[in-house]
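Presented below are the structures under discussion, each in the form of structure tokens.
Presented sequentially are two complexes of chain A, the first with chain B as partner and the second with chain C.
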Partner chain A sequence: MQESMVSAQPEKKETPAVKRQSGMRRVLAQPLLRNLVVGLVALVLFYLLIGHLGQYRIYQLSLVGPYVIALVGLSVLTGQNGQISLGHGALMAIGAWTLTLLQLHTKTPLWMMLIAAALVTMFFGALLGLVAARLRGPYLAGATLALALGLPDITTRYQSVFGGYQGLEVNQPNAPSFLGAAATPTEWLALIEMVCVVVVMVLFANLLRSRVGRNFRAVRDDEIATQVSGISVPRTQVLAFALSAAAAGLAGGLFALVAGNVSPGGFSVVLSISLLAAMVIGGTGTLAGAVWGALIMVYVPEWATTLTQKLNLNQAVSANLALAIYGFLLVAIIMIAPVGIQGLVRVAIFKLKSLRKEPG
Partner chain B sequence: MRNFWNFLLIGVSNGLVYALVALGIVLIYRSTRVINFALAAMAMFSTYIAASLVDRNAPYFVAFVAAMVFGFLLGAVTERFVMRPVESKSPLNAVIVAIGMLIFLEAMAGVIWGAKLRNFPSYFSLIGLKIGGTRLAISNFDLFIVTVVVVLLLALLVLFRYTKLGLMMRASAFAPEVARLLGVRVGRMLTLGWGLACAAGAVAGLLAAPKVFLFPNNMDAVLIFGFTAAIIGGLDSPVGALVGGLITGVALSFIGGYLGSDLETVGAFVILVVVLMARPEGIFSSISARRV
Partner chain C sequence: MSKVTMPPMQPLHSARICSMDSKEGLSADEVSVRFGGLVALDRVSLEALPREVHGVIGPNGAGKTTLFNVMCGFVKPDSGTLTYFGKQVHGLRPEKLTRMGVARTLQGLGLFSRMPVIENVMIGADSQAKVGVLRALVGAGSTVTEERRLRAAAMEALDRLGVAGYAAKLPPQLPYAIQKKVALARALVSNPRFLLLDEPASGLSEEEMGELGDLILHLAGDLGVVLVEHHMDLVMRVCSNISVLDFGRVIAVGTPAEVKANPLVTEAYLGDEVGA
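What follows is the complex of A and B.
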């Protein structure tokens, strides 16, 4: 978290040395283009990968996507701007219901529904941000937690609009013809998600390197010094909250598509709390950490369930045992890796690099 | 008008339980700056211990005290062996560890006692008292709640205000370094503080269980309302915890009574926002200076 002040230094103007480099090098020297290239490569690799996976594996992978996007938003808010949120599950719910209601009542194209989910949630995020800008630390955590608890109850209160406890069904989009006749909605959804993940990652990666990103970190590190330098602290905080909410809203929309329905049970307090835990375990404030966190959210419970099912216990006991393993691992990971998995990865990379340098 | 008084009385009774939970949160927060989300699971676990004892024909009050002792030990052990290693790191890490403990304990309760809802004996009648011809919304059990909470609060007040141990605990919370230089075993005081907080949580669990029933997640909502109460009162003020608990309990009771119980949780959010907009660090918070 602390190192980002260093990496936040403004990019150097193109020096002659850079100009002399080959075309590819020059592209890679610019953060915007480099991120784009990395994102496109990841997209192609992902497309090739899902060709080799069974439908269930693809479905599992597509559960990861929404979490990555939501965690990117949360991680930027908490790790880069210093505002904690225990209410991102509620923001995801706003995105999910926005998409579902649009699908139910209008004939909006999919991409517009996803953007609408992000924008509507961004609006509510900005409102929440106005409240949040006055609150610090545990007080903000408490207020957002109360939102996470309360919002799902609104959907059961107004059943005719939001569908009550059962929630509403969401239709999954059919794969377009250019993917070939054999492509299933599951594969198509996984691809859509990967595109969204890449877009969000590239946008946030660039945002964090811009003046806006520097302002975020300045507010996190010292509010008074930031205010004195002429940057409005509350405005920056509201902006961070709104952008973070936009990511959560998009994630919620995608989540609704993958799940095939939206219901209050899917967006309980547990979701908000899991997101926070996954963020810290992945590595607070880092984009790569969001990926680690999302993978853990999906695969660790799955792995624990498979493990306990092998023990031939009765259904209820084995389900609870899997949950207990998950809880235990949360504690264990924090103890082993206090700066998150991405922190461990960084240390490993650093050690490898210094090993390589030593002989020369 | 009778409704009004009934909602008020129910609110006070619930509010006192929230106040106990809030007190558990405040005691821990002001000494270690950790929001102990595991308090819900610790309270629930202690209540299950009491229920098992009652099932084995132990008297109610023996089970009650046993649950308190268990809560105390659980809290103390948690602080010493789980929280101590992460307390020096980022506060967020400690919160995640507490959440991990919450998930672990709730799941283990499911493994040991099953996830099914069960009754918890209340010893005192839950049927409303009769005054004149009208039946009130409060019962003997509610009077028991009031007595227990008042006694506990007074006991804590005496401990913190009038004993050397209490003074050492306060010193460790507010100026750990100075306290250590003066010979206070700060680590031990923190362990003790966690123990007391979790014992208070256990009592809250015992008092809430007859109304919310007993199951592994039964204290989750109570914890969030207790957290709301602690925040409204100001996170480092025990008096604030009591006042915050009463405000939360009464307000939620009115919202639930007049507008519908499904709006209680939304109500908690609204109350929190309203209070925090006026006092961003709770009603009883000490004024904090901002330094450059």
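What follows is the complex of A and C.
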């Protein structure tokens, strides 16, 4: 749309300013470059932002990162490829323990541990995808739910390896010396996360714009028509599951770093279901929706706690208030905005644009 | 009218795959399909030749769609074989056959309802695409070039059918006849050598059906068409050969005139449509 707007402009004498602007536009019209530019800008803004926040606020923010990444994976799987998963919490657990065990037993550099967390989880995701390709709707939900229920049991059964109920400790990485004494481990972790978020966002944005993303959507809309168009439905579904799992695995690894430990309690079914709810609230199938969803996952419980403290409510209420707000948001969003918060944002942007276009 | 029949031909590309075997096209031999106790196809044979329109007619439930499902690899026959330019291809997955040049449209529409028309057609062109997942993820330059190529091919297919103006629309927003054309464009964009059309005229007006007839005859200039249709006017006009199915069996094969004159056919239809 932007391109056509540019070309539709009447021939003007090009002043240098106009030229520069259209050059910038041309850069932004290139998907790869645009993604990179947006990503870099986000990174710089984030760096400036954490300079103004206290340690606790930064810690909170760094809880958002893993959820964004996990939600991107889940949202692409569900919203773009039409497969549901109640097992993404368990996939996060696989990534978390992969990183933890590597840290405990080897001297692998951090970036390699994170990639390993993604790859190992991707492998399990592909296996799950092979099962999933044979299942539809409720049966798929059931199978993935079984994973979410069963996996924490494995960690307690093999205590000596996975640490049992207490779980295992995870060391937080120290900031490299070139950042100076200014960067605490918390800040450093927040930065690492932001880089991961940007990388994952750019990769998935590329993917969705490519033929692979289109094939995902085709399978979602009509499997038979996809197959007669020469695209293998099961292969596409396995691929979607594998890539989605890779995101969940990376998210799990980061989550372990932020939390400072991994334990079965952190990856219960509740996590899987919260992810699904946050995905719907944020906007299923959209990348930006993953950000909204992750913010809600972190800040709604926080606000609920503050609220109960202010209102002097007792513990039992405060524990459930977050869930109640969640449920309320879910119902409200499904009723007023089928594409979640991101759907509302899109409508708002569209309205603003059409307002601006009206001749003044 | 049925001058479409070609003299013995030497299709450019068939030389590659064609063995010394005399089989020149897509043929089903003695194919049987059972669904539980129901015999959907009973030793059905059909030979579709390049540059020929082969009609398949028969009452509802006769097994026409099932025959298509076999011919495009969707349903594995319980017995019988499928041959493509002399090569045995039965048992191949449908995506393989599509890549080898067998395209089809579905009875009904089968459009991707939440994808714009242009993307619907690009899916049909995907069999020509090569960019893999890794390059797609990093957004390599090759992805961009390939996307542009697929988009251009899809646009051309839409343009050929006169519906390029709807490229950005979602299928459910369009009139039925336009949607039909989009589905046809999706099949055509893969440059098939054989095109299987399952009731392409259903839901079209008299005039649109005339256009469709012209189009099919035009397409038969360089590819083989197998046409399942209930509209006898269209079938009689464009087909050079017709197979008649009834209860899963071929009860007649021949030119339109022969089939029309066959009492078995009239009986199968209870005389209502064929006489028209």
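Just so we're on the same page, the second predicted complex is superposed on the first by the 330 of 360 C-alpha atoms of A that agree within 3 Å, B and C clash if a C-alpha of one lies under 4 Å from a C-alpha of the other, contacts with A are read in each partner's own complex, and residues count from 1 in each chain.
The criterion applied here is as follows: contacts are C-beta pairs under 8 Å (C-beta built on N, C-alpha and C of every residue); 3 or more make two chains touch, one makes a residue touch a chain.
Being a predicted model, the structure only gives us computed values, none of them experimental.
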Next item on the list: After lining both complexes up on chain A, report clash or fit for chain B versus chain C.
Entry: fit
Notebook entry, point to check: Is A:V72 touching the first partner chain B, the second partner chain C, both, or neither of them?
Noted result: neither
Item checked: Partner chain(s) touched by A:V298 [first = chain B, second = chain C, both, neither] -> neither
Checklist line | Which superposed partner A:A248 touches (first chain B, second chain C, both, neither) | finding: neither
Check: For A:V212, is the partner it touches chain B (first), chain C (second), both, or none of the two (neither)?
Finding: second
Check: Which partner does A:V262 contact after superposing on A: first (chain B), second (chain C), both, neither?
Finding: neither
Notebook entry, point to check: Thinking of the overlay built on chain A, is A:N320 touched by chain B (first), by chain C (second), by both, or by neither?
Noted result: first
Note to self: According to the stated criteria, A:L203 is in contact with first (chain B), second (chain C), both, or neither; which is it?
What the structure shows: second
Notebook entry, point to check: Touching A:G230 in the superposition: chain B (first), chain C (second), both, neither?
Noted result: second
Margin query: Once the two complexes are aligned on chain A, which partner has more residues of chain A within touching range, chain B or chain C?
Written below: B
Check: Between chain B and chain C, what is the shortest CA distance in the superposition, whole Å?
Finding: 5
Note to self: From the superposed pair, tell me which chain A residues show up as contacts to chain B and also as contacts to chain C.
What the structure shows: 222, 224-225, 228
Next item on the list: In the complex, go through chain C and note every residue touching chain A.
Entry: 72, 74, 93-95, 98-99, 103-104, 106, 110-115, 119, 122-124, 126-127, 129, 131, 133, 136-139, 143-144, 146-147, 150, 186, 190
Next item on the list: Would you pull the chain B residues touching chain A in the complex into a rising list?
Entry: 29, 35, 37, 82, 85-86, 89-93, 95-97, 99-108, 110-111, 114-115, 216, 220-221, 224, 227-228, 230-231, 235, 260, 262-269, 272-273, 276-277, 280-282, 290-292
Notebook entry, point to check: Once bound in the complex, which stretches of chain A touch chain B?
Noted result: 1, 78, 84, 131, 134-139, 141-143, 145-147, 149-151, 153-154, 156-157, 222-225, 228, 269, 273, 276-277, 280-281, 284, 316-317, 319-324, 326-331, 334-335, 338
Notebook entry, point to check: Given the complex with chain C, which residues does chain A contribute to the contact?
Noted result: 30-32, 35, 202-204, 206-207, 209-215, 217-218, 220-222, 224-232, 239, 243
